[in-house]
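Each of the two complexes below includes subunit A, the first together with subunit B, the second together with subunit C.
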Partner chain A sequence: MIARARLPRDRERDLQKATSELLLALADDDFVLGFADSEWTGIAPHLEEDVAMSSMAQDELGHAAAYYGLLADLSAGDPDRIAYDRPADAFRHCRLVDHGRGDWARTMARRWLYDSANAVRLEVLAGSANRPLADLVVKVRREETYHLLHGEAWLERLARHDGEPRRRLAEALELVGPDAPSVLAPLPSEALLVDAGIQPLPGAELLTRWSARIEPVLGRLGLDLPAAAPAALDPRTARSGHGAAFTWLWTEFSSVRALDPRATW
Partner chain B sequence: MTDPLALDPVLGEGERSRLPFNVDLPHDERFRAFEDHVLAGGKVEAGDWMPDEYRLNVLRFVEMHANSELMGVLPERDWILRAPTLRRKLALTAKIQDEVGHAQLLYRVAEDLGKPREAMIDDLLAGRTKFHNVFHYPTRTWADIGVIAWLVDAAAIVAQQALRESSYAPYARTMKKICWEESVHIMHGRDVVVTLAAGTVEQRAMVQEALDRWWPPLMQMHGPRSEREADRDLHWRIKAKTSEELRQEFLTIYVPRVLELGLSLPDPELRFDAAAGEWRYSEPDWAELRSVVTGHGPASQARIGFRRVQREESRWVRETILVPTGAAA
Partner chain C sequence: MTGAGGPPAAEVVAAVRAVLAGIADPEIPAISIVDLGIVRDVTLARGRLEVELLPTFIGCPALDLIRATVAEQLEPIRANPDSGIEQVAVTISFTEPWTAERISDTGRAALRASGFAPPEAGPKLLSLAAPATCPYCGSRRTVLENAFGPTRCRSIHYCTACRQPFEQFKDG
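Now for the complex of A and B:
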């Protein structure tokens, strides 16, 4: 059977749907990570780090709010409704940020894995054919540069302290490492996004670039990153089927709004 | 956000040179020179000679302030995850980050007076030092977050504005920055309260209930009336106003602002006595204040216990930072 050629209007609609999928992935990643990291506010290991961590959590939430804003523009919706009023299983954050915050080593390992992968993704999206997205990404990258420096400094500090710090870091990498590639795993509609230049390179290429970036750092510190979990690379599972940690987080962050979702808060 | 004025030097040019009490004089003469200097409105820097009584009083005052900023984080922190919109969430995390930043600044001021930060945290968690009464109470609803950010911070800022003139210059400088940030918190808190007061019947009831619950601790917050002459902190110009002056100032500014939102205050005696030029109110429960600040408040032990557990869990991180790289931790 020969597939019927898609009409231009169908393509337009499919492309908009694919763009929404990309924006939702970007927004939910930063939203969920920002929430998890904000749990450190007030209880970080020391006061200076507390202030730094709160700043980064705010940056992530600010980025999420901006991505939700672009999504709202596409769908004539409201950023808060998109962010808060979805059921837990409609969130499209990646498996890496689905883990609970854990201890400081896990938070830092995850931050470094996420920030290094996100840097590769944003570098490519800065050349997106979607102008509002490309313009936003330029701004986001300025802040993300500092997050990566912070994460790398902690990775190094923990890795170079034999005993408990290094042991905890290794355990954290063991736990969250297999899910790290989920940040860059292909989206279900990737072919369309790449074809239209909205995401100029496919996920497979992003993953290669990311490995080339992190391998020298891991090698220098003598750290192992476990092989990718198959679910973290599969477009059908990399951003769905969330676990108990996210269910808890979702219940918490939607609890006040749930009192009256139509009220102004 | 930093108030540009906070960067101005507190000391005038004439004061920046060596002061008479820094010269090697017999103790009593030096004490008198110091007292004359402070009573004439002069400032004291961390490296100056100062009488033990002055050092201890400033330390006690600043340490309690630092403890309050640190413990004040906890009631609001519980609501960071639950903030109901993106804007509220960002405002709340930014506010709490400010409070942690204030704690850090104030502990540094106190450290310069000779007490290490870890010792101050130890004393706080062992119940040997105090923090403000309002942070010993639980938060029950989202409206509490509005009332705390608006009225607790307002009551605090009334006191803190007067501290910008403190004789201890490092504290005065720090207060300039803190007051600037607190004024932003008050706007955030008022916005939360106004939104609820203008919202649904349930939202309005929620904010009224929060106000009813927080009002008694707010009336206790500045402390019982005291004799101006007997207060050594006033004598040394560490602070500038008595408890009652601060409370009257708070009532003058904020009672009308609460009432104009159509909310009520749970004190039938509360009114402005025009003839006397001051507010009348039911006598606050001072026994409750004493009990609460000595660790017997409804959330005192839970808060201190929570902080103790968190501190233990991250001890290994602090040790990692303190031990040189490569050494066994």
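Now for the complex of A and C:
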């Protein structure tokens, strides 16, 4: 039997599903990281940092809300329902942001790894064939500039202070480093997204660009980033199989919604 | 064209713009939302008036308040049957990013008068590195204390000339 050529309508549907997958990954990454980082509000090492961390967490939630909005436009859904009414295992954030916030060094190491990888991803998505996504990303990138400067300043500060700061930073990189590539790992439907120009470059290319960007910084500071965990690069595992830290966070951020689904503020 | 006998659409849009020019930013009431540059466009077509807003920062919590205020302030115009407006839509747009360059000269003067340094002009990374101009004494001998301030659009600075802490309106 001769294989039937795929109808344009099938392709349209597949493409919409792939686009939703990309938007959900972008949204869930920022949403989960935003909530994890917001735990520092009130208890950051000093007041200025408390304000900075809270501001960045607020940015991430704002970015997530905007991505959920695009996703809702595609599916005629409600952004709040997508954000708050899903079971924990339906979240598609990457392994890097699945870790608990840990100590300050871990939070800073994770922020720098995430911000540097996210910058590479957003740079490429600014040229997306999906116009609403490309427009939004132009704005997101302008805000993320502040985050990247902040993360690099802290990486440098911790790395250049021998003893406890540097030791804690090294431990943090050892723990979360293997999962860092999960931010850029290929999505299951990547081929379709790249073909349609919605994600103009594949994950493998993003990972190469990211390495070229961070290696000089790590080299200058004499820091080691462990090799990628196989699960962090595999499209089937990079964004699923969440751990206990996320189950706890999910219970926290969905608790108000669980108490009163109509609550607003 | 609007309803028979009503004023032409351009006149209605001008009236709407005049109302918007009188709406203050809720976080810095010294400046109007028009001078702040967050009103991208006002259009009236087929009875639908659309006011398109550009957020200074995506996660700005004042956006809902600004949208509600705009709708409320435009209600008298909408309620006038001659306006030809059946529906008012206040939308948030990312068609182009809000940047510091959108703040008008009047807006910059209003910020300075209320103790805020307006954002420096020019490419963003250079403007981040450049010292802010103190809104009190005009000195550029100032240091950045924190790129993150009390709201998303404000950073905190210190003037070593007149020894005043001050805030700058940040480039988005």
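We adopt the following convention: the second predicted complex is superposed on the first by the 256 of 265 C-alpha atoms of A that agree within 3 Å, B and C clash if a C-alpha of one lies under 4 Å from a C-alpha of the other, contacts with A are read in each partner's own complex, and residues count from 1 in each chain.
Here is the rule we go by: contacts are C-beta pairs under 8 Å (C-beta built on N, C-alpha and C of every residue); 3 or more make two chains touch, one makes a residue touch a chain.
Remember, predicted model here, so these are calculated numbers, not experimental data.
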Practice prompt. Pick one for A:Asp260: touches subunit B only (first), subunit C only (second), both, or neither.
Written response: first
Response to the item:
Counting residues of subunit A touched by each of subunit B and subunit C, the higher count belongs to B
Item to complete: Please indicate which partner A:Tyr84 is in contact with in the superposed arrangement: first for subunit B, second for subunit C, both, or neither.
Response: first
Worksheet item: Looking at the overlay, does A:His150 come into contact with subunit B only (first), subunit C only (second), both, or neither?
Response: second
Discussion item. Let me test your reading of the model: by the given contact rule, A:Asp59 touches which partner, first (subunit B), second (subunit C), both or neither?
Written reply: second
Worksheet item: Looking at the overlay, does A:Glu39 come into contact with subunit B only (first), subunit C only (second), both, or neither?
Response: first
Discussion item. For A:Val51, using the defined touch cut-off, is the partner it touches subunit B, subunit C, both, or neither? Pick first, second, both or neither.
Written reply: both
Practice prompt. Return first, second, both or neither, reflecting whether A:Val140 touches subunit B, subunit C, both chains, or no partner chain.
Written response: second
Practice prompt. Examine A:Glu252 and indicate which partner it touches, taking first as subunit B and second as subunit C; both and neither are also allowed.
Written response: first
Worksheet item: Between subunit B (first) and subunit C (second), which does A:Arg160 come into contact with in this model arrangement: first, second, both, or neither?
Response: first
Discussion item. I'd like to check the shared interface: which positions of subunit A are touched by both subunit B and subunit C across the two complexes?
Written reply: 48, 51, 54-55, 58, 61-62, 65
Practice prompt. Give every residue of subunit A touching subunit C within the complex, in rising order.
Written response: 48, 51-52, 54-56, 58-63, 65-66, 132, 135-136, 138-140, 142-143, 145-146, 149-150
Worksheet item: Which residues of subunit B touch subunit A in their complex?
Response: 73-74, 77, 79-90, 93-94, 96-97, 99-101, 103-104, 107, 142, 195, 198-200, 202-203, 307, 310, 313-314, 316-318, 320-321, 323, 325-329
Item to complete: Under the touch definition given earlier, write down the residues of subunit A that touch subunit B in their complex.
Response: 35, 38-39, 41-51, 54-55, 57-58, 61-62, 64-65, 68, 79-80, 83-84, 103-104, 157-158, 160-165, 168, 249, 252-253, 255-257, 259-260, 263-265
Worksheet item: For subunit C, which residues are in contact with subunit A within the complex?
Response: 55, 57-61, 94-99, 124-125, 128, 145-150, 152, 156, 171-172
